[in-house]
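Two complexes come next, and they have one chain in common, subunit A, joined by subunit B in the first and subunit C in the second.
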Partner chain A sequence: MITHDITAQFHSATRHVTAGTLVKDDHFSLFEAVGALEIGDPKMDSGCLEPGESLDQEFDVTKDILPEELIWLMDGLLNREEEDFTTQLFNRELLHKFAGESISQIAFEALIAVGESQINPQLKDAISARLGFRHEVLGMLMKHTNSEAPPSSHTTTMHQSLDAQQKSQPLSKPVSEAFSTKLQRRLASTVPPRPMVTVSMDQAWNFWHQMLDDCSNIFSVRQATHSQDLYIAYQIFAYSSPQPSTYPRALLQMFLTNENLVGSRIEPSYFLEEDIRSLTLPASQLLRVANGTYGRFCHGNQRVADTMQEFIDRFEHNFVNLYRALCLNSCRMRRTFCHALLEWDNLQAQVEELDAIIQEAVHEQPTPYLPGSPPTFSFSLSSWIYHHKLNVLQLTIQMGFELAIYAPHELAGMYWYLSSICDIHLSHLERISHFVTAKDTEVKRSKMTPAVKEKAIKECKDALDRLYKQYAWIKATQLLAGTMHGIFVVLQRYGVFVNQQPLYSSDMMRYEIRMKPFLGLSIPEPLSHDDSEREVQMQNIDTEEILDQVTGFSADAKKAWEEVSKTTWNMFPITNDVNHASVLTERRTADLKDCLKAAIAASLCVLSLKKVLKNDAWKEKAQKEARLPAPGVKGRWHRWWILPALPPV
Partner chain B sequence: MEQAEALSFLESLLGKTLHLTVLDGRLFTGIFKCTDNESNIILANSFEYRMPSKSAEQKAMAQAEATGKPAKADMTSRFVGLIVVPGNQIVKVELEESKFATSASATSAASALPIRTKS
Partner chain C sequence: MAGTVRMQTSNGRLVRHAMNDEERRPLTPTPTNLPASEIGKLIQTSPPDIAYIQYDISLEPKYLPQMRALIAKDLSEPYSIYVYRYFLYQWPELCFFAIDTSTPDRDLVAVVICKLEKHRCGPLRGYIAMLATQEGYRGKGLARTLVSKGIDLMIAKDADEIALETEETNVAAMKLYESLGFLRSKKLHRYYLNGNSAYRLLLYLKPGVASIPMDEYVDPYELPPSAQDDPMLVQGLEDREELFSRGIV
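After this line comes the complex of A and B, so read on.
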């Protein structure tokens, strides 16, 4: 390869370029140029070195180190945790090559060697505790790969070991060159260098305590013996505070697919059928009762059998993915939900066609639903989908509050939207109940063998119980959302949390962006900006009337959450598990208590808003001082219910 | 150089592969896309080449002395994509002569420098 030095020529040529103009390739736009990395700028150019600086790793792993330094290094290694770990290895090979057993063996041998060595006994204990801990953690991880829960005594030992390590931490001596950003600067090239994440040791110790507990507690989801209970169990962990870290969540995800069994219990296709049976299709011949193909059931009708097979094939993975989404971190969970909504919306339309095929083939008779309305069919499969879609929709809106996605002036609108989605969901559950009740009556009148009949009646009862339980929870959510909507509308009328008309956006465009995940849905039909504004702002109703209405809502909301708090997390029997007997119950109770607190705080808030109806001085004060407490801050009772902090009346 | 001549010279370079040496010793090769009157240069599909570090050089020397055969210390290179090199950073501009003037030939750039034995 030959190159010619054109430095002088180039520089003298560029001097003739008029200032402010460019010599550029016709196909190259300035828009592209914005993305270029600037060489020599240490913020963008990861390869840029200070004079005398070298990119070589300065840490030599084979060098002898002091025992005090060893302690520091071992502690330093404990605080590394990343969600997208595999994508951030920077091409460094981890120790995949070594089998867990052999590392465990080395740790064990090192433990003996330290025991026999001639160092200061205090240091000896400190190093032994650290080695022993690694040995134990490895043991736990190896058990996990076989989906085995480590015994609780094991977890206790590890907690104690962590405490001992924390105590001896002051003995350590830093080796700062061991952890550096140089590695990422050398390999990550097209992105600007990222600052190194430093985690304090105190955070690291807490993190490990938390993770050990989560690793052990997460096995409690295996108590669930039914798809619905398993969903609740997954939700309890997904919304635990703090959310379990990446590893326990990965473990949770593993339970869904390990050995192709969901929850170490049931094949995905039966898992799906179990869920449908317990909601829209109890005592139905459309679903399989045991191993077998659809041909034997489905009223012996081949067309129906094929249709059912198609439905199950299409849905078994989508359904398990709803559970899998709950194992993600909250931001990603919400994003996955947004995608799932559109997918389920699309599938719902397709499954309505399958429902029509089944109606025709089994000669389903339409029954009148709602007085005065024309008779209608059950649409059992698409009804089941719609229920889950509405569920996901509700969670997606609620997680927006948790993740602080909505601007303060948007809260009125989002709480209104939440309550309207709950409204739609409640009517949908009533519609399902109507058809399940009809089925129940039919079963009770029919002539079956007593054993078959008893089972059919039980299935109808289970479905009705489940519908009731769902109804109670959504009703409570709807009432509280209605209260919150009222609170924020009134506050806006008082001039608090109002939209400061920004220069570069319009309400219409903001609405479109805010509602983007939902505007693509075919049902529930999205509202135009104007319609939504009318519903949200309630312009024809005066403030006093709104406050009276909301007082009623808030009282009902309190009762509804009390009602929900009385139910258990599970509807179906649970497996006997001594280690984790009450974990799920405790966490759910704590969460419901927070919801109840939020409901109580909401009713108090309504009361104070009533008192200041004509108090302009207070309003002026509130316009300046009103705040929305962030999660974890006093006054934020629950992640999904943002009660404003207002000046006292 | 006349302005017209200067502009046509710069335009003739567009799409060709340039080698830019910067103040800290690194070399960038990439397709010339844009420049202005301060000699700020935008290169596309660029690669960064770095001279072997002191320790790598010493290692190679030691190896060469021990074995009596020529040893080499590799330049490290990596893809950096679209870059803008400020004119005041540029020490040297070189034009790569290529049969396929418009194609990126970054991969053909030297990635190893031979270091001779002292003897």
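After this line comes the complex of A and C, so read on.
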């Protein structure tokens, strides 16, 4: 190696550079700047020590400790924040070399040793409960690796053990030097030290109870035997409150791809076809039956077979990704949906071309859909995409309410947008129903063998049932969204939740920010700001009339949510291989109950708003006192439905 | 249809109608004779003994240590001198601070630090990186004044939009920015080292900013090796700024 001493050159080059000057090339970005550390600053330099401080662990693991201290240490270890922490391990392996079985064996032996020891019986019980719990948790995790659900008795034992541990917690004696940031500082010498997060023991016990329940309940999604049912099952978990923590959500995600089978049941391509068959293409020869190739079933037409193959290849992953998105934390879920919308929009345009190829190849006869309208084709594949896209669009808007993204003055507009998307979706479902009904009629008239015919009729019925369930849910959403729209418009007319003309930008530009995720969609085409304002504000309708209309909406909304509550979440039989068969149903029922409560609260709110129509004193009071209850706060009936807390009338 | 910014589609592609220069001009909601780049004057305060100063590189020896001390006090996240110089050397004019002229050393009591550059080859984005007011000087409109000075200068420099992040628990900061016209555009899960989530706030300064084409995502592996270890940096790296943000008042 040849070296040059550049000290002198460096000195001469920097002689005229004043303090504060940054000499950098174009590739030195904020990333590099943030990546730099200052040696000697304790906030940044992991190796920086206080006078007399050593970087070595002060806690000696080989030293004897008191049983009370052991209890404290064991509780402290349970009290760890759970997050996606793989990147925080700094490539340090966590006991990968040891098989779960051998650790389990050690825990078991320790349990026996404690049992035989001469310590105080109370302490002995406390330590045994802690060891036993670890043994059980390990057993649960090992079962999960094989996608096996632990028996429910297992979960019950663990809950009892947690209660026992919590009770004996006061026996513990702190060993505060045992937990420090030192190990982390040693490992992470190139990044700033991370502050140690402290979680209260009460929070930790609750967290474990919750996680045990989620871990066992999550297996119930595998009872779903159909793509649509599985989607609802995933939704039920995604929108549980509190949202399941990272580990159970990771388990849920694993079910989608484990051994390349969706839900341990079906290959992704068949999973996709199953979904299409049960919505837009029942009893169709375009789809395979099982292990088929498209050449055999697509009317023997190679071009159609190739087209179908192309479609399936293009879509199977996008489709599974919709489920995967439901396993993300809610912030990321919403952003993933925003990206998925544009992707599906793009694909929809492409798939319309595939639909056209199929129309031509199978000599599809167009039929008039609406009375008096020109004949139209079914566009089965792109119709299927549009349905899912609208579904994602609806969830994206709704999650904005959940995550408190919208400002109070935007609520009228966003509820209007939600109801208008539901409107579009309802029409789309009607259009699909029209073609499925036509297929049903065709099947019933056709000459097939009885077995084939029976199966075809069943497929049509399944699709119509699914369409009905979807329709009922979206109709209920649309009616309640319409009610909420009315409530917030009237409140704004009363001077409540009004945007006080901010100094910068304009309402039009703020509308653009809000609609940014949707502006790129070709359908449904977003409205211009002016058109949207006209629809949202209803300037030409007086307040009394709006309130009358909304009274009707809210009554219908209540009925519609009751109607949804009467339906089951699943369309197809669920397998009963798990004991907790009713978990999904329970959670869904609770969620629908909250929606119904929101609908009732909305209708009461409308009544109040009617009473104060001419009450200026109340309006003045409300302008100061009206609040929007946050999730979890009294008066917030549901994450997606924000009823305002108003002064009494 | 000239005169509107209505979106229309043809062949699935978004088409923007041409606008004349008059329409491109940022809209100002308040009836005033002030040019758009001086709108902030309407809300700026001048409490007794407070003077506002625009940063200049020659002020580094005296004021940079004070800025760092003030900002570090309110932040768990540590910033090296390079982070400060990254902003202050490239955009010194976009840093404003307030001093107390009644103290012997005319101490710094509030500061805002910003930058302005193209965002993913798309819109010219202003970014409010750090904002802090010393305790005891809060409630006098210092932060509001400093921020509006920053925004006004960004408007004068033809910025398309302004972005920032703020901790979800920082109600005061969100109130300040929302009262200026910012909207929340997304929530960032567990964005800060202390485990708190953040909101991204946005302000558009011209119509049509949402449709300015941008580069696709930033590859997280473009990060320096030191940052690649850091989940807070790699996680959710949809925008460059997401690894960096302050919004303290």
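In this text, the second predicted complex is superposed on the first by the 569 of 649 C-alpha atoms of A that agree within 3 Å, B and C clash if a C-alpha of one lies under 4 Å from a C-alpha of the other, contacts with A are read in each partner's own complex, and residues count from 1 in each chain.
Note that a contact is a pair of C-beta atoms (placed from the backbone, for glycine too) under 8 Å apart; a residue touches a chain by one contact, two chains touch by 3 or more.
All of these numbers come straight from a predicted model, not from anything done at the bench.
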item	value
Contacts of A:Arg334 with subunit B and subunit C, given as first, second, both or neither	second
Chain touching more of subunit A, residue-wise (subunit B, subunit C)	C
Subunit B versus subunit C as contact partner of A:Ala36, first or second or both or neither	both
Touched partner set for A:Thr18, first subunit B, second subunit C, both or neither	both
First, second, both or neither for A:Ala617, with subunit B first and subunit C second	neither
Contacts of A:Ala451 with subunit B and subunit C, given as first, second, both or neither	neither
Subunit A positions touched by subunit B in one structure and by subunit C in the second	18-19, 21-22, 32-33, 35-38, 190
Subunit A - residues contacting subunit B, complex	1-7, 9-19, 21-25, 28, 32-33, 35-40, 47-49, 51, 54-56, 186-187, 189-190
Interface residues, subunit C side, partner subunit A - complex	4-9, 12-14, 26-30, 39-40, 42-43, 57-58, 60-61, 64, 72, 76-83, 85-86, 88-90, 115, 148, 151, 178-181, 183-190, 193-195, 197, 199, 202-211, 222-227, 229-231, 233-236, 238, 240-241, 243-244
Interface residues, subunit A side, partner subunit C - complex	18-22, 29-38, 41, 43-44, 81, 83-85, 87-88, 90, 188, 190-192, 194-195, 197, 329-332, 334-335, 345-346, 349, 403-407, 410, 500-510, 512-516, 519-520, 522, 525-526, 528-531
Of all residues in subunit B, those that touch subunit A in their complex	1-3, 6-7, 9-11, 13-15, 19, 22-24, 26, 28, 32-39, 42, 44, 48, 50, 53-56, 76, 78-87, 89-98, 105, 108-110
